[in-house]
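Heads up, the next two complexes both have subunit A, just with different partners, subunit B and then subunit C.
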Partner chain A sequence: MNVLKVSRWTIAVFVLPCLLLYVCLVFVPILVSFYSGMLDWNGIGESKFVGFANFGKMFASDPVFWPAVGRTFLLAGFSMLVQLPVALLVAILISRNVRRPNFLVSSYFLPVILSVVVIGQLWKTIYNPASMGGMINQILIKLGLESWTHSWLTEPKVAIYAVIVVGLWQYLGYHILIQFTGIQNIPADIYEAAKIDGAEGFKADRYITLPIIVPIFKISVVLSFIGSLQSFDLIMVMTGGGPAHATDVISSHMYNMSFLSMKYGYGSAIATFLVVVCLAATLIINLLFNRLDKRFS
Partner chain B sequence: MSQSVSVPVKKPVVHVRRRRFSVKKTIVFAFFGVLLVTQLYPLLWLLIYSFKTNEEILSGSFFALPKVWQWSNYSAAVEGGNYLKYLSNSLLVTAVTMLGVILLASMTAFAIARFRWKYGQLVMLVFLLGMMIPMQGTLLPLMIIFKHMDILNTHLSLILPYIAFQTPIAVFILSGFMKTIPHEIEESAVMDGAGVFRIFRSIVLPVSVPPIMTVCILTFINIWNEYILAATFISSERLKTLPFGVYSFVSQYSVNYGAIGAFLVLGALPVILIYFLLAEKITKGMVAGAVKG
Partner chain C sequence: MKKTSKKTLGAVMAGLLAVSLAACGSSGGNNNGNAGASPAASPSSANGGSKENITITFQNIYPDPTDPKNKILHKIVSQYEAEHPNIKIELDSLNTDQQKLKLKTQAASKEVPDITVVNPSAQMKPFVDAGLFAPLNEMVEKNGLKDTFQAGILDYYTFDGNLYALPDGNNIALVYYNKSLFEQAGVKVPTTFEEMIEVVKQLKAKGIQPMTIGEKDTWTGSFLFMNILLRTNGGPGFLKDVLDGKKTFEDPAFLEAVDAFQALVQAGAFQEGATSFDYNAGENLFKTGKAAMYFMGSWATGGIETSPANENGNVGVFKFPTVNGKGDPNEFMLAPGSAFAVSKNSKHLEETLDFLNYFMLNFPKEAFEAKGAVGLAQNVEGDFKAAGYSDMAMEVLNMFKDVKGGDLAFDNTMNPGTAQAHLSSIQNLFVTKKDAAEVAKEHQTAFEQNKE
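After this line comes the complex of A and B, so read on.
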């Protein structure tokens, strides 16, 4: 029970500055966004209230929208099916085999703290044609796989995968770190007790590490899912959504519509959709994991 | 005698086990090594790239070292690209944001954790709800609001939303910690006649330095690298922050590859230096920040 009895004024002084700033700059904009999603407006001139017309257009007749949604989920899928399992495997292997893990974990983590602009430009150079010093294409040619070379970021079919690889590369270390920390926090005597009962190695991991790590793994899943939904800076820096919308995701589509095509109303409608999907995704993941948690315990 | 007999009996057993063990270990460590190379080699390569001439970059082999290390790339980057201006802008924006976040969030966290009032949990819930709202969703309305307030294209238009978006996690971490401070401390302080502000300033804040450090680190990493808001709200060259500055340098000087590489290295350098100094604190802080999911 909190003990400090204070006057309303004191509470107001302590809470209001922060709360007001927060509500005005986070919640109010979201509401404004809901509203302007119903306008036909270019941001400067007259606006016209059109109800749900923007949403109707978005769902029914925008040729870019659904593929962009699909790509967003593709990103999330790769992250959850490739990045997270690899991270978990690495985390388990490190905690079992390495006595001084700090160097390894913090080296894997290094790309996470770098600016997306730097990372994006770096990988753009790596993806360059061999004639411009691109690493991947030069390696492929050296291996005699010349037919495998691509101009990775300008061919519509491969561009999105090229971007996804960068996202997976940059944040792998984050998930390794999260899950490794989770494993480190499992008390050692559980494993000792299991050893006496004859469970060691992978068996111990299956029956001890995995069930205990579920809540931590959930954090990784939420982060990677929300991160994919918001995967915006990387795409803007590397391709801007091109070539010919081949790498557009929800957020980049929203940005291009609002700030390049100046369709503020329509852009707001997409932004609203993004916010709703984010909230729904967090909710669904939490529900799924609560169920999973119950089954394990 | 008995010792010399028992040793040869025992030895083969140990030997075999150790060898089988080490084969497995070799594979595991080879895997670690491959992963280390994939995570770090691109960065090392960027460093080497930044010292090459255009010719070496375009026609030379990827793996070759530069014949002469071109420091001139770096002077071109610093002189042609306003590096120091971007750097000082980033420092200013990040520092003010950090101060703002710590001040505002710690006050609110204090109220949530220690005051006796009805709506503490509700306020916490409001903050928690906001954690799930993506920053991009607010981009357009914020721009319109800031245009009306006439603060578009100022540092304030970055600092205000930066503070707002960092407060939820900060309030969460700080109030979680402040709840663990024993109540006896403030009871005795009240006995001694200390007011609420005094308790906050002289007792709670000094005790809360560790979580404040965590908040600082999280804020620093998130804000230092923020690109989208900066690129949308700022248009003056002299106000650009580092990530945006790097981006505009790269798009302007698209022919001087070495200088671009140098600028990218310079862009990454501040964070990497800080990471070398504080790696453990940073990784701990980032884990604490991850819990917000």
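After this line comes the complex of A and C, so read on.
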């Protein structure tokens, strides 16, 4: 294994600076926030150590917490079950049928570089009631579907889906780009060989493209899952978690608790929960894909 | 040879390590977002001057160059700097929300800027309890500063006999209305809440948006609700009674207020999708003449004055009416303004206090000249009419003379935990019809859970 012909100590010394930086910037804050999660603290004055009381309250008696968790996973679910397959399909179609794909891919990618605030404001106007010039509602009315119109962002039952759509739309291009690049890296001669053997079109995709881009797809899955868990900015810009918590997700609930209700300790407990869920999710996704990898290779 | 190279390597690594450790240390500070605002003294001078060079950090919420207060701020600061060449005032101008967040982060690490901004009563109490601010009792007596303030206003910033902050404003809640839209619908200024609902219905029937509100920023709806409660309770002090244990949220006055508030919402008073409008978007509907009435604090006067809606003096104001015949229109929702507090740990406490004294002494005079003197916490001398203040501004100024007391906003009275529960409970009334008893129960539960 020791191909570099240097001692383990030297390796350790070289790794050390980066490791220290990483520990300081990532692990120490996580531990600190875990500790803060055990305090009864308003963020300013004296703090009191209360052990796991915050966690107990979070799991047992916070009426906002579990619905917020549910919505977070709803977002993640939509992202993985709708956004990623669509992205993959588009990526495959582009790479097969479009001769100069760069322009298309860049256009799909455009929303990703736009600031979330811009996107949020844009979609807020699209979602507005017809009386305020909202595009969707006006189109629905023109089509004679008045009964379908909604006040999209303010009806508690609809609002979260309205926000999810925007999130999916924004990052679709990102996943198209990732998967498109993956497909482009598959050598053309494989397809040529397959063609001789009689596999073309979707058949070739099924037996060549999909298995080869599994590792790339995994990156997409992890990114979209973690991204959904951490979604915060879009919610804050579009609804602020309202009306009355109807669009709160874990991170917006955490923000409200720490900075608006000034329960810094409780907010830290939620943050710790979020970290644990993110780590667990990454682990599980990795395990699943390792199995998938083995099956295909 | 090999040995020396190893030694060199060791030295280099030690150096790198030191650098990376230093990076760790400073990153901790940056995370708190106060790299620029810590009360850092400028390097003590040795340039022969008798006085030390001093930098005072002045955190404020006047970042908008079109706001008269921004101009006033810069003018007074440069005057002071000209008179005191050894003192530099470093401005840290932020939006209200940013400033609130930044101060909380700074307070957590006990690095409060020399001068900062806080809100009255319950909102500043945690900071005072944490011992972050210097008492201003002596300073306010100097140069007669105390006498410039309106009677009683400083009480909202006083804890255990110590004054901790000086307010830049004092506002009341009122209803602005668009005269030409009222004419179009053939309605008159309502004198009771029942008439107000009738006006809403008639405006609505004519296709005019009756009222507007920016309910994404939950405090707006709460402010209106609290004014209704001030009426149904027959006078101020409901929340205080709750805090003292004399009443609960399940009191009839509270239930009546919830019902009245819902009646207004159900009559279709507010624009569709109100809960996704932030404060500015809500206000803009009124400013552009697209809504007939707007309930807000008198601080909005300046902006509405110069808006398209007020062309040819088209905007009038009226006091919030009685509800079910209860209450007195001369009792208002009071909004003592944000206020300047001084850090106890300031390295130049004496100079900072001296500057703030100077600033507050000159504030009303400059504000009057900049036409920003409606709703100040200090007495202003001068003829407003002659100085070119508009009719609407004059009406508002006169309304101040009728004030016979009132209540503070919910989040200025209750602790932040209860306040957040209240804000979201009221926001919910904009989108779902609820039983008043249920709303009362939500409040009572939140109040009991957040009791200290």
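Descriptive notes on the structure:
By our rule, the second predicted complex is superposed on the first by the 271 of 297 C-alpha atoms of A that agree within 3 Å, B and C clash if a C-alpha of one lies under 4 Å from a C-alpha of the other, contacts with A are read in each partner's own complex, and residues count from 1 in each chain.
The rule is simple: a contact is a pair of C-beta atoms (placed from the backbone, for glycine too) under 8 Å apart; a residue touches a chain by one contact, two chains touch by 3 or more.
Fair warning: this is a prediction, and the values are worked out from it, not measured in the lab.
Of the two partners subunit B and subunit C, it is B that touches the larger number of subunit A residues. In the superposition on chain A, no contact is made by A:Phe78 with either subunit B or subunit C. In the superposition on chain A, contact is made by A:Thr10 with both subunit B and subunit C. Contacts of A:Met262 after superposition: subunit C is touched, whereas subunit B is not reached. By the touch criterion stated above, A:Ser131 is placed in contact with subunit B and with subunit C alike. In the superposition on chain A, contact of A:Val118 is made with subunit B only, not with subunit C. When the two structures are aligned on the shared chain, A:Phe232 is found in touch with subunit B, with no touch to subunit C. By the document's definition of touching, neither partner reaches A:Tyr171: not subunit B, not subunit C.
Of the two partner chains placed by superposition, A:Phe217 touches none, neither subunit B nor subunit C.
In the superposition on chain A, contact of A:Glu46 is made with subunit C only, not with subunit B. Subunit A residues in contact with subunit B (one complex) as well as with subunit C (other complex) are 10, 13-14, 17-18, 21, 24-25, 29, 43, 131-132, 259, 264.
Those residues of subunit C that touch subunit A in the complex are listed here as 9-10, 13, 16-17, 19-21, 23-24, 27, 31, 101, 104, 107-108, 126-127, 129-130, 132, 209, 216-218, 271-276, 415-417, 419-420, 424-425, 427-428, 430-432.
Those residues of subunit A lying in contact with subunit B across their complex are 1-6, 10-11, 13-15, 17-19, 21-30, 32-33, 36, 43, 90, 93-94, 97-98, 102, 104-118, 121-123, 125-126, 131-135, 138-139, 169, 172-174, 177-178, 181, 218-223, 226, 229-230, 232-233, 236-237, 251, 254-255, 258-259, 264, 267-268, 271-272, 274-275, 278-279, 282. Against subunit A, in their complex, subunit B makes its touches with residues 25, 28-29, 31-32, 35-36, 38-40, 42-43, 45-46, 49, 57-62, 104-105, 107-108, 110-117, 120, 123, 126-127, 130, 132-142, 144-145, 160-161, 163-165, 167-168, 171, 183, 186-187, 190, 196, 199-200, 221, 224-225, 227-228, 231-232, 242-244, 246-247, 250, 257, 260-261, 264, 267-268, 271-272, 275, 279-280, 282-283, 286-287, 290-291, 293. Residue ranges of subunit A in contact with subunit C, taken from their complex: 10, 13-14, 16-18, 20-21, 24-25, 29, 42-46, 124, 127-129, 131-132, 151-156, 238-240, 242-246, 256, 259-264.
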